[in-house]
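Both of the next two complexes hold chain A, though its partner changes from chain B to chain C.
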Partner chain A sequence: MGKNRIFRIDDRLIHGQVIEGWIKYYKIGTVFIANDRVASDPIQNMIYKSIIPKGVDLYIYNLSEFSKSFSKRKWPEFLVLFESVADLISVSDSIDYDIDLNVGCVANRPHKYQISDTVFLDLSEIQSLCKLREKYAITVKKLPWETSIEIMNFNKLLNGDI
Partner chain B sequence: MIAVVILTHGSLGLEFLKTAEMIIGKQDSVEVLSIHSGITLSNLAERLDLLVEKYKQTGMVIITDMFGGSPSNIAMAYLVNKNVEVITGASLPMIIKILSDRKTFNDPTDLCKAAAETAKNSIIIAGDIMGR
Partner chain C sequence: MKSIKLFVKSLFYNSNLNIENMQGTGFSWLLGEYSKKNGVDLNDQILKEETSYFNTHPFFINFILGVWFKEFGTMEGPDYWKKVYSSAFAAVGDSVFYHSYRVFCFTIAALAGFYNILLGLFIYLALYNIPHFYFLFYGYDIGFKYGKNLIVWFNRFKVNQWGQFFDTISAFFLGFFLSVMIGVNNFTSLWHYFFGAVMLFMGLSFARILNVGIAFIIAVIGFGIILLLGGL
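Our next item is the complex of A and B:
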């Protein structure tokens, strides 16, 4: 189950890894960008619409539009891109057991811990993801064929409980 | 003279410039920017803002490695500046053409059109020439 029903956190949204990796590997025909900034910026809209591969549909919504419209339709396969952990958490009502959650690229900033070569998270982001991880599978990897980093005990580790 | 920014993944841009300079000599008004795993794209945008301002009189061509990649996506946002053009799919023939001919062009878009033509024509399947 799942596998081609994916919610991905990637602060670069659509880029080489997504086009050459995720869309091709899982034969994704429908991509969503759920992002307030992109949804309200005509230039960013134009850029992402111009780079989406032929035959792939792209829908750009702000987060609240996404929550509303996504739950109304049953999409058979999709890739939804979020810019940040907070953005994903804000639509967590849309997540179900058939959706794979992936953390792909989150850039480094002060107070962040390096989780993988492309993922840097602060403590609250790690805690949010670990909470989601109790109910849903989460992979941490930039490309579909990589081995995921297991985040199950990261929060305990950071709290000194392990 | 039109300025050039080479914006790529990793150290590709720097190597392109070093190799081009080995062939056509040292170049002025060329900037190299790169994107590595884990860096924030906002820092890069700040640097590009400064370069657009610095070269607003002469115009600027941003050369990126791959259409659809993040360097290219970032560069495309600068197309709102009339004096900026973006060309993707960097190759050595393309870069050499831009660096060599930029003195003879006033408009970055015209320069990119000429460079695109050169770059496309430089892709040769050697077996075709041999008539195999």
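Our next item is the complex of A and C:
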């Protein structure tokens, strides 16, 4: 499991925990944002490029561009940020066993269940992640040194099967 | 006078921090306060919607409020930029203020504390809060002036380099501080320098999992206790 090759779901994209907790902790030099809205907005592009620490390369793609062009072989270590579970699922072809999947921060909204203190998911998101979890390891934690929450059987639990 | 009142109120906006909506309640409350100042009529529905999830570094809140009012009524609406700037400022604020600037203030204050403990305390509070209070006091006006282009104002000061800048200065002053401690206590054997280096190394190692501020404090206090007990 490559701990410095990470796909992370974080609806705030780049913020304090991402910089101090992930980029600096794993000494990651390449960060991607895979998001349609950010990629199409020059001001958001400028904002994220202005706050990323010096020495870290930031690349911003929309989801289809990312899916086509991303090649993990080009990068010794990387952090890819997705805004939502749906965004991650849409590029699931890019996932392999060498990449850590992390759910870090998904805000509370109506009809969402609390998974951790920073992750709130609805039933369809839980089901999508559980399906992905059958093939790949997924951690649910906001910072690298925290203990992950296991989500393997969450969908069964919510359906009352357990 | 109104500005001073709003500045004081913005000091308290973070007090309802919770995991459900983080600082959303505080944001909505400040929005109501600023709407009175601006003569903008925000109905209860808007204020209720604004209690939704919101989280940023508290020193930057007034910048976001300024942007919010500037973009209120535009096609994109203020909430889009509220979300963008909240995460951007959380990144800058946590990195600079919590991880770098606090350590810088501590090392300067610790040096001053050799001459007078109260002076050290005063210098820490003053140094740390000068940018904090400046941001809270002028943040709204700057945010309102620039609106969604607020990042242009911050880019004038290369915000992404502040953390590295203060880390470098702090490292120098920490070394200087440890040297002064050794000199003041007249402990100058090789063992003391070695122990000082070990303490610093431990502190920096802890910094990887804790935070730099706590790590430096652990290193310095540990080393200080050894000196207080009479050395090795």
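In this section, the second predicted complex is superposed on the first by the 158 of 162 C-alpha atoms of A that agree within 3 Å, B and C clash if a C-alpha of one lies under 4 Å from a C-alpha of the other, contacts with A are read in each partner's own complex, and residues count from 1 in each chain.
Keep in mind that, in the parts below, a contact is a pair of C-beta atoms (placed from the backbone, for glycine too) under 8 Å apart; a residue touches a chain by one contact, two chains touch by 3 or more.
Just so we're clear, the structure is a prediction, and the values are computed from it rather than from any experiment.
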> Looking at the combined model built on chain A, do chain B and chain C fit side by side or clash?
Replying inline: clash
>> I'd like to know which partner A:108 touches here: chain B for first, chain C for second, both or neither.
In response: both
>> On the A-aligned overlay, A:75 touches which partner chain: chain B = first, chain C = second, or both, or neither?
In response: neither
>> By the touch definition at the top of the document, which applies to A:145: first (chain B), second (chain C), both, or neither?
In response: second
>> In the superposed model, which partner reaches more residues of chain A, chain B or chain C?
In response: C
> What part of chain A is shared between its chain B contacts and its chain C contacts?
Replying inline: 12, 14-16, 19, 43-44, 47-48, 50-51, 107-109, 114, 117-118
>> Looking at the complex, which residues from chain C come into contact with chain A?
In response: 19-21, 52-53, 55, 57, 83-88, 90-95, 98-99, 148-149, 151, 154-155, 159-161, 163-164, 208-209, 211
> In the complex formed with chain B, which residues of chain A make contact?
Replying inline: 11-12, 14-16, 19, 43-44, 47-48, 50-51, 105, 107-109, 114, 117-118, 120, 142
> If you look only at chain A, which of its residues touch chain C in the complex?
Replying inline: 12-20, 25, 43-44, 46-48, 50-54, 107-109, 114, 117-118, 145
>> Per the contact definition, I'd like the list of chain B residues that touch chain A in the complex.
In response: 9, 37-41, 66-70, 72-73, 76-77, 79-80
